[in-house]
Structures are given as structure tokens and as C-alpha cells.
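A, B and C label the chains in the order they appear, each numbered from 1.
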């Protein structure tokens, strides 16, 4: 199994940490992983993206131009990465702030109203975990117990009390994900 | 038991430095390698772990000269920087090489020239492998292609540096420095005591001893004939390094018709290009130099006797290709493909370059 | 006179009134006759000898007339790139906290190309002794203008005298570092008379004692003549120094026990 993912949005949406939790979860189930961020000034308030690869084999290039899954959290990223989803692949996005919806017909498109759900539940910080839950519903590539282990490894100890809320958010995302278009 | 972690390449370097018993790190912030100093400052090894000194210097010039001072006293010391900062260090590198001192330097390259960009590049190949500062000298250059190698080459680099009393350089780039991968960390080694240092480095400034005269660390000799003898001694050392320390990796070369030659992050891109090519029936292989100095001329020369062409893939305008040409000696076609200024090509682009530059041309 | 050296009846310990300090080597110094370096070396060597720290002292001398100091001082020493001695000394001291570490730098080195290293080593309070020989000129390279060259003073690169409006002002580095919190002892001395030599030796002793006690950076400037660079005889040079250098570079302690005294 090899899953090649791009996660893209604004800096501050938890794009990089979502990728990190996914990567750590992969390690917990003995997979090879790579996490390659865009870095530099663009991280501070501009767009941020990270390429995450989980594989049962040695990972070659950490940088890709075609992805199995694109997880998209703002319009700029949708414009940039819609074309990079492999035919038959997955595009998951939060419609919040999206003015031009994706138009491709050869990919599976899902939506998750994560910003809205996070605001409703009063836990804005778990926004990215709702998105992660939505992704894992579509592609259950990591076990739930490994997500928990991944959270423990990637969060500093002082934030470990947040783990139950984060796991709740993952489950919320799994419930709320909507299939918008089948390839 | 080795420990498994998910780390950035830069963080792996820092952690590996603590674990290998490094005595001191002296550095200055610059993107994309600042995580090395940040990680060390967060770990506080001087308080909480091995007693290793960590200091943020006032400049890269000061950093490399702190390394010079530490190395002169026989301690295991290192610094890290990125391209513009590494340029500032060249004076110090030359002095350290001239004084025959061991140390480890890391350059996490970004695009240039000048201030350039903060994005990944491999445009410091010439500077790294051909000297860099003034005078005839060489630095042992290791090119990691994974986070694991970032960690492993800290120990290897410092070992080679002490073996030959010569600076060793890890030539990395923004991709390998910033990416996270699984890394197996070595066990913690104890730092050497002052007595062990004095025994290991009888040449070092450890305080004059009753059994020896005072030790002098210098790169100066006003007498040209003595300076030439010293240069000859350095050259003999480099020949020894060239004989003993060439390292490289071959991937899918056994049946290959064409060979990509690439180091560091470019080699990772080429691995994907191999998969893409082979899916189309094009037999591509990869030779990845792990030591850029000494360069693996012999294995490339050997491949040149049976393959149809080489594609040298670098994040620069064509630097390592000159060494490849020296090895191939015109036997078969050698072409270059590179992107510059911080742009990283996709594996597809590499395949396309192979097709147009080598396959299409025949 | 030289035949007396071969007369064993005279070469007896009880007749010894003066000898080389054992922390100096037998090498013949290359310094010009009349230069202050030889005296400064000697009193530094005496301090190291008298404190019994020869085997625990590491020195750093960068580019300048004193780059070959390692040939004369019988302690472990490194030669450094121009201006970088405080950086080397920082690392040597931090990695070998039980050793006594000093730098020995000229004015061009310390106050021009090495300003950054000097200021920051002082500001961090590195527990080292910085010995600063100020003769207002680049001696080694043949008498060019230094950051400490006085207004109107002639050198190879200001042959009509230092014009402040074009070349800027002479730099009082010692006053400057005295205002940094990291310095513990800052003083300006000279070595042109027996009395001044004794005072400078006492200052050096104090600086090394402070290092022994783990105090901050100690900075000892020695105003010196460069008779060959100044194109004077040694006696003229000393007189010129007293009349011109000392009014601008005032002698005496500037900071003692971490407190400004001037």
C-alpha cells in the first residue's frame, strides 16, 4: 500500500500538524512515512501545504506532482492542486470560503464542513482533526488506536489532556463527511 | 535498543550530535537550517544531557572560528548553516583545513547566488567539493538523501574528520533538512573526558605537558619551501582519503541501459523516475554518490563501459556533471538536467528530460 | 663584553641578576627594537610563571605583528584568522573551563576587522583575558592607518594625516567595551617606562586572577609605540606617544570589579 497525500490551506489551520499526526500514525503501524512541508514566509498567514506519504515500501521522492488524495482548505489551494489529483483519486475540501467549486469529473469529491462543525462544538482548535476524521472515513489507512498513539507522539506532553477532544473531533469528521461526486 | 522517531532532517542532525558525544555546537540562524540550533537550545544538553556546549554566535564568521577554537583544543565540535552563511565560513574552513583540525560542518543548501531564495538547491557543489576558501585544500563531503542519513552522517562525518584531521561537511539541502521521516537513533555515547581528549589528540591545545613542548595550532609558515612541503603532506592525505573513503549507492543498475547520477534530494526524485521509466519499459538505474569528495569516479567509469548514456540530475546549472564527464571520458553521452533558484523538478520532468536529451537524440 | 659569558667564574647562580622568564622560549623575537611587544610578552610570561599556570594556559594570537607570539610564549597556542581570536577563545574556554585562556591582539585586528567578535565576546562575559596592543597603526603590513590612528597622524594610507571628515574618528575600543555588562575588568596601560611596566604587569595579574575566580571578560589595553611604523627612533616614539597618544588614550583603570571607575 502506498498513499500519496497533499494537505493544503492557510497557515494556522493546522495543515502541517495534521500531516504530522498522520505520519506518526503510519510509523505506529510499521509503515514508511515522509512529511515534506512548503516552508518559509508563506507559512506565516499565507498558504501552507505538506506532502505526506505512507507506504509499506521504501519511499522514493518526498516531492510529487500527482496525488492519491488532496485535502484542501482554501480557494488558492483548490486552484493550485485540483489538477494534481490522480484520475480516480480523492479530493476532500471544506466548502467554507470556497467560491469556485471543483470541476473535475474523473475524481471522487468529498466535502466536510469542518470550520462550521468546529465552531458549533466550540472547539475551534480541533478543526484539523475533523478534516482528518473525514479523510479516514474515506480512506481508513490508519487504525484509530494508531491515531491516538500518533497524537501522543506528536503533541507535547502538556497538551496530552486535549487528546480525548481530538479523538472526538476525528469521529465527528467521520460522521459528517459527504460524498459530493463520484468519479 | 535503537529508538524510532519522526523527525525533520535538521532535528535529526541536532539529536545525533548530542548522542554521538559532540562537545560543542556553535551556530547562527538562517533558513532552512535554523531547526538545528533551535532543537539544541530546547534540549539544553549543557544542563540536562551530556554537558555539550551550545552557543548562538554573533555571525557565521564567529561560528566557524569558535569551531576552529574548539577543534584546536581537541574537542568534537560542529556548526551548521545554509548557503549564504556557508559562504561566510569559507575563511574559517580554509584555516581549519590548513591547521589540520577535525570538525563537522553542515550546509543545508538554498538557492543562490547572493541572498537568493530560501528554497532547496544544490548549487554549492563546486564550493563544497573543490575547496571553497583560499588555498589548495579539500573537505570530506557527505551527501545525505534521507533523514536517517542526516542522523547517521553526523557520527560518520566526525569520525572521518578525526581519522584524517580534516574538516568534514554534510552537504544537504532544504528538502532533506525540512522533511520528516522515520529515523532510528543511535544510543547515547559518553563524551570524552579531558584526559581521553589529551590522549586521543596529542597535537591539541590541552595545556603544555611535562613530556612535550608547547603545542601550536597554525596554518602559517612564512618559509615557502616549508609551506610547499606542508602542501605536499596535505595532498598525500587527500590521496589517502580518495583511496579509502569513496562511498556510493547503486539502485537498479544491474540491467540498466541508462543511468541517472544524482545526490541528496535529487537522488530521491530519480528513484521515483526509475519507477516511472520502468513502467514504460525504459531501463533506468541510479548511481548516487554518497561522498561527493572523494567522488566515485571509478564506479561511474565502469558503468560507462556498458550503458548507453548518463543523465546527471542536480538542483543547479550543471556542476557535478563535470566530475561525471571526467569519469566517463567521452565514452557515452552525458547530459544534464537541473532546475535552479529553489525549484524542484517533479519525477515526470526527469523522465521527460531523459527522453528528449538522451533517448530522442539517438 | 661577550667574552664574559664564557667565563665560568662569572656565570654562577649567585651572580645572576636578570634572566629570561621560563615561560618565554629561546627563540629570537622578530619585533623591531623599541617595540612594546617584547616587553608585553615578557610580563605576560612572568604573570603566567608566577601564578604557576603555564600548563593550564591556552593563548590565541591572530594576524598582526604578534601572529608569531606562539614562537615566543611557551604555552599551548593557536594562531587565528584576522580579528577572530575572541571567537576561538570563546570556544576554548567554554569547552575547557578549567584552563586559563587569553587573546593577544593588535588594534587593526581587535578594533577593525574583529570588532564584532570583540564586542560580542565581551558582551557575553566570556571568562577570558583580552590583551589589546594599541599602537595606532598597522605594523605588520607596513604602517597603514588603523582604527586607532590619531587625527592628523600620518600613515601609508593617510599620507597627509588622518582627515576625520573623510576617514572617520579614532576608535576608543576600551571605553566602548567598558560599557558592556559582560566585562568585569577594563584598563588601559603602557610599557614605556619601568614604572608603567610594573603597573601593566599588575593589571595582567589582576586579569588572570579574575579569570581564576570565574569573573567576566577582562580587557587590558596596552598603548604602545611603533617606532618603525611611525618613522621615529625608539626614544622619539616613546616621547611622541606620551605627548600625543596618552592625552587621547588616557591611562588607568576604567572598570574594576564590574563597576565603572571613570
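What we mean here is this: a contact is a pair of C-beta atoms (placed from the backbone, for glycine too) under 8 Å apart; a residue touches a chain by one contact, two chains touch by 3 or more.
Please read all numbers here as calculations on a predicted model, not as lab measurements.
Path length between subunit A and subunit C in the chain contact graph, taken as the least number of steps between touching chains: 2. Among the pairs B-C and A-B, the greater number of C-beta contacts is found at B-C.
Centroids of subunit A and subunit C (each the mean of its C-alpha atoms) stand 64 Å apart.
Subunit B and subunit C, compared by their mean Cα positions, are separated by 40 Å. Averaging C-alpha coordinates per chain places the centre of subunit A 34 Å away from that of subunit B.
Counting partner chains per residue, subunit A shows two or more touched chains at no residue at all.
Within the complex formed with subunit B, the subunit C residues making contact are 25, 54-58, 60, 67-68, 70-71, 73-81, 84, 87-92, 94-96, 98-99, 116-117, 119-120.
The touching residues of subunit A, counted against subunit B in their complex, run 20, 23-24, 27, 32-37, 39-41, 59-66, 153-154. Those residues of subunit B lying in contact with subunit C across their complex are 23-24, 26, 53, 55, 57-59, 61-63, 65-70, 72-73, 75, 77, 91-92, 95, 99, 194, 205-210, 213-220. Listing the residues of subunit B that touch subunit A in their complex gives 4, 6, 31-32, 118-119, 174-175, 178-182, 265, 268-269, 271-275, 344, 346-348.
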